[in-house]
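Common to both upcoming complexes is subunit A, partnered first by subunit B, then by subunit C.
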Partner chain A sequence: MTHETLALPVRSLPRLNWPSFQGANRLLTNGHVRAALAILVPILLLTIFRPLLPLPGPLETNLRGMMQPPSFEHPFGTDRMGRDLMSRTLAGVQISIFVGFAVAMVALCVGLIMGTLAGFFGGIVDRVMMAITDIFLAFPSLLLAIGLVSVMGTGMLPVVLAISLSDVPRFIRLQRSLVLSLRTRAYIDAARTVKASQFWLMTRHIVPNTIAPLLVATSIAAANAILVEAGLSFLGLGIMPPAPSLGNLIRDGQSYLEQAWWISTLPGIVILLIAIGLHFLSDGIRQVLDPRSRK
Partner chain B sequence: MNYSAAINTLSAVPTEAALLQVRDLHTHFITDSGTVKAVNGVSFDIDRGERIAIVGESGSGKSAMAMSLLRLLAYPGKVVSGEINLAGRDLNQMSERQLNQVRGREIGTIFQDPMASLDPVMRIADQMIPPIMRHLKMSQPKAREEAISWLTRVGIPDAGQRIDAYPFEMSGGMRQRVMIAMALSCRPKLVIADEPTTALDVTIQAQIVELLKELTDQTGTAMIFITHDLGLVARFAHKVGVMYAGKLIEFGPVKEIFAHPSHPYTQSLLDTIPPADQPEQRKLAQIPGFPPDMKLPVVGCAFKERCAAAHDRCFRETPELKSRGLGHRAACFLPEGLGEARQRDMEIIPSMMRNSSERVVVEVFNLQKHFTRSSLSPWKKPATVRAVNGISLNIREGETLGIVGESGCGKSTVARLLLGLDPVTSGDIFVDGMAQMVFQDPQSSFNPKMTLFDIIAEPLVVTGKGTKAERTARVYELLAQVGLDESYARRYPSQLSGGQRQRVAIARALAIKPSVVVADEPTSALDVSVRAQIINLMVDLKRQLRVSFVFISHDLLTVSYISDKIAVMYLGSIVEYGPADEIFRKPAHPYTQALIAAVPVPDPVAEEARVKVPLTGELPSPLDIPAGCAFASRCPKATALCRSERPTLQAYSGSREAACHYAN
Partner chain C sequence: MLTYSLKRLVQLFFTTLGVVTLVFFTMRMIPGDPISAMAGDNLSGAALDRLREQMGLNESILMQYLRYLGGLAVLDFGNTVTTKLPIVQLILDALPITVAIAIGTIVLTVLIAIPLGTLAAYLAHKGHRMLDNVVTGFAMVLDLMPSFWTSLVCLLIFSLALGWFPASGTVSIDDPVGLLRRIALPVLVLSMAQVATLARITRTSVLEVLSEDYVRTARSMGWSELRVLFRHALKNAALPIVTVIGLSFGNLLNGTVIVEFIFTLPGIGNLLVGGINSRDYQMVQTLILFYALIFVVINFATDLVYRIFDPRVQF
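For the complex of A and B:
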């Protein structure tokens, strides 16, 4: 007998009328979630309150203070045009977060709808949709994004669309597999015996039970999108200078690595921290949602 | 050897030569939310060649106890203290390395689920031969010979070939035979079998139990048999230990325990079983309440809250196992247990007035359901499974129809067809009103994200019945009808016990006032004491609401208790159809006879007297149903006529029908 099979009498359980509150509570006591928040919250706060910080604007040049090393005045130093790098990095983080969030939302919404339809209806709908997603999945996501950006042009919107397009097939696949495992549950049959509509079954019984695993995937997708955006900008395909983005900041500093290491290194560390933070977050969510991984 | 006579004399005095002595065993599961004291001071002895059954409900600690003997506990479990003396050596003091010499060599194990306990990617030979080579120091060819001889002994046909098969090429019954062969192949002194037949059909269960009995008698292997089925215990064991809340509360020779149970819990358990033969229908005894939470310390007797005879001493002191003579021990202060309070004579259920003019609510005529499985290779003909092969039935208002048969006989397919969940291939189904369903698996029957209120109200909302206020009133009415408090409406399914979930499932099924409720194995996932509660509830509801039930189960005792009519199914066809008590008392079809013979009766004396002819063989593949009688391959009476010509349902003794050439 494993410990899950122990019959626990009901009266000993606490009364919960609001289980989501308990979920939130469990999230906040999870070690991984706490680590994620410790990394992400300061970065977010600095990004949000950047205009209030005593820093010059991200586009403000100062030709008398070029390539200065980190100091109290310029915590991340300055670049070859004397622009404050902390200000630029935080502005880049803003773009990264926006891209990450936008991509995650697009991928989540499209994946949720298409995956639910494919998994629920099966048959020809499923086959056609799976064939198309398989074609997309055959390309590495960065390569696909590069291809799409070079067709659609640079800038924020094409970048978001390109990265989403490479993430959406993964979400469709995931959602479809979740729906397939739920579709045969007895409560779906129970609802079908009273002739519940397909829409009712999907919205009341299927989608609510897939949200949790989708959220885990969403936080990973956000981290991935931030890395891909940085990659595209680094290659000169994403956000175009002078607008700052973590990718093009690293690219800027690449030629001066020997004279001014901070130009590339510090934004790089920030990307690393954001990616680690988001991965911790998704790990934490998964642990809280999946009781089997709890020890 | 006349074992039972020997055992009585042996067990009166504790012998020095006990094979295994367990002393004050404690096992804890350390979890985030507290320490679960699963085994809480268990002591007992097993002699050589003795079969001991450990019975108890889920959560009583019976499996944890058995697995503790080998320290094979799942992650947070730990043997905290106690002695496990196997032939003078304490297993609890051994290192993992030493223990691995004992596991398999001296103590064999048979697990519950034969599907999961064999490695699916290894051939039987690769799983069986290495342990024999290691433990018995045999060469590879000799070990293989040994393995084949064991497979032959457990009744695997053509063992020399089958030893090279993969587990998935075998049926569940065959795999369990392989498990038994593996467990016995190193000639252990003791075999621990943890619910070895629970996942199997009654007829296969009977075969496996007979096999285990025979083999342990031949080899002199002792056995610990964990089960929740009291009927099996009567058929099988020399001694019985009853566990409750991590403790042995009664222990003794099987006949003693069944004839004079002295702990209130044992008494109640025995009373909850539907009686096989009773002139009038009486309610089943039920045990109120829940087992205690094993995370909390138990003060006094663990059973006191559920015991009708509990008095103030039970709340202060914990009763110890005390001798009741003849090796029989019980942990209760009262010599008689429940004594007068025992619910012997239950309330008689007045039989419903029944006449043939009652409205027919379900009529099924020549129903067929075929599943076509097309092969990946285009040149192969698609295979057709005839899951339901032409059945006709009718159910009148307020009547309960029981459908019984082995798994794969098509009984669940009939249920889905009745509910309109699958399209029929041919034939007609007429349902006057709505059909609703109660499912087997209480885990997956409810959306975990919905409250019980929403779950019960769902059929009303979907069908657009009533205003919001009327629906709310109806939900509370339904909760009251199934015996749940109003406060349950706000709970989630995960906060309920198995029995409560089944009550909610019944409430949901009754919400739209259906004319027929189809219950597919509604009690098979429940513990005995809870099962009685659910059956009583269904009997009450049937009388109060005059709703018809279709009760599908492999448990013949329960079906015959609750049903008015029974349809026995074999390979998609009905082989016998008629009034329940008549069929149960005088089965006409050889298959019905075999099914009834396979049902273990919770009475060791009656069990001994019964002629046990376990049905040989297994269900033929539904892919190619034989031309003649489908049952001919397993039937002891089959003749050439049976193999060539298919019998149809013919009237038999006026009131029923049977599909057998030789019924009359």
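For the complex of A and C:
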């Protein structure tokens, strides 16, 4: 048999496409995804167009308007230095979104590559990688982040790195288990019998089929990263004042709970809304991309 | 079973060694060395050198590492840099508070989550989609509320507005009533986050069991719904529930750090935050290690319990 005759079955194998426009359409008609968008899009728009809103800047102090309750002029009230809290909250959301996105991308990319290699090649690569992830997974996530931040210092980059480091092992584990379950499927054997290269198998047959569960996990990781960043900033170990982050806004209000309840409570509701939105999004992606849950 | 346990124990040992090594070398990555970071500009060069000498920082990194391992083997974690007290003593003093919070949280969580999850499963089984959605949706919101925010809201409502619980004050394990009053709110806050996870897994596993033949048999024998639900269904759904209680222990530890900080409870979480703020790296290193060890041991125990009680698990 020559290579020419073998070329036919390769082409007639079912082609697995990366998520396409058709998928996007299915996503947009899903109830959970719509609920997620209904929550996330307004928050996103407000954050992007904050400079156009009739609000003072997030760092602008006004000593004649300190600790004012929510009003038409200041929808979230003002803090002890008279800064407008809606403006500060939206600036905090900007940081949250950045942290959530950055952590999710780092975890997704590193997890995808390392997990695929570990699951696909097995053997010593797999064992070393599993031993390393075991060590990282031995730390409760927030405590790992606290430990790393205490070494790397505060600020945006250390926070993103610290949170990513506790998420990456989880993604490696997830991707590895997905690859392991796909590796023995009949269609992979079929591709092997026609001498598909290892690289071809991985990129065309295995990775595309792991994208759906990975996207579900990514959206949850983003929500989680936003919560952990807020927790770190609340403890005074994340984004440092005067830069507003949702966590340190809540921390600021802690001492004035009795006089000014709005300082701590309103930014917290925004964090909660973002987290709920991202979880709806992950539920929606799961429903749309999992063939078994399709009607 | 025995060989499996031994195998896991060996694995546990190597993971722990890895954890210790990681913590040690990460702490050594601090720019400069711990001494100059801790002392700031307050000490002269000669005094710094003396301190380095005392802490063995002049030796090679490998010697320091071996010395550190040797210390750990006899539970000697060194002294804090600021107050010169032995760290072991500080941890042992703070531990009861944290343990009290953790146990309280687990008890309250189980008391709320299991009936709630069983109810949701029952409603789903009977086709009450709407009510089931309400219960599961409620659980999701509870799960996603950041615990530091929930703490402040609870403080606002229960301490400041209603005055039911003190927001601050001294805590001691010798005064159980006072202790309970002080840890009531933190326990409530942490339970709210834990309830969601446990209720969800209870719902899933009870729902699965409810369509089994033996549940139908029990019903056909005329047992009341409650008895069927709790005696037959819940009992057989218990294993995943116990496992999840063990696995969510990491989240619980995360949570104790936050609530101890907010409610100013002198547990090991507060010790950790204090250690970071006073740049006491020896302390931070020991505490992070300590948390990791607790977590690893709990996971190990959960795994064993699971395997002991589920006859279907193969060795």
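Keep this in mind: the second predicted complex is superposed on the first by the 272 of 295 C-alpha atoms of A that agree within 3 Å, B and C clash if a C-alpha of one lies under 4 Å from a C-alpha of the other, contacts with A are read in each partner's own complex, and residues count from 1 in each chain.
Just so it is clear, contacts are C-beta pairs under 8 Å (C-beta built on N, C-alpha and C of every residue); 3 or more make two chains touch, one makes a residue touch a chain.
The model shown is predicted, which means the values in this text are computed figures rather than measured ones.
In the overlay built on the shared chain, the residue A:69 is in contact with neither subunit B nor subunit C. Contacts of A:208 after superposition: subunit B is touched, whereas subunit C is not reached. Of the two partner chains placed by superposition, only subunit B is touched by A:185; subunit C is not. Once chain A of one complex is fitted onto chain A of the other, the partner contacts of A:31 are absent, as it touches neither subunit B nor subunit C.
Once the two complexes are laid over each other on the shared chain, residue contacts for A:146 go to subunit C alone; subunit B is not touched. In the superposed model, A:200 makes contact with subunit B only, not with subunit C.
In the superposition on chain A, A:241 makes contact with neither subunit B nor subunit C. Of all the residues in subunit A, the ones that touch subunit B in their complex are 1-3, 5-13, 16-17, 19, 185-187, 189-197, 200, 204-205, 208-209, 294-295. Subunit C contributes residues 11, 14-16, 18-19, 22-23, 26-27, 29-30, 140-141, 144-149, 152-153, 155-156, 160, 250-251, 253-254, 257-258, 261-262, 272-273, 276-277, 281, 284, 288, 291-292, 295-296 to its touches with subunit A in the complex.
Residues 29, 31-32, 36, 38, 57-59, 61-64, 67, 74-77, 290-296, 416, 419-421, 434-437, 439, 441, 444-450, 455, 458-459, 462-463, 490, 492, 495-498, 500, 508, 512, 527 of subunit B are the ones touching subunit A in the complex. Residues 131-132, 134-136, 138-144, 146-148, 150-151, 223, 227, 230-231, 234-237, 247, 250, 253-254, 257-258, 261, 264-265, 268, 271-272, 275-276, 279 of subunit A touch subunit C in their complex.
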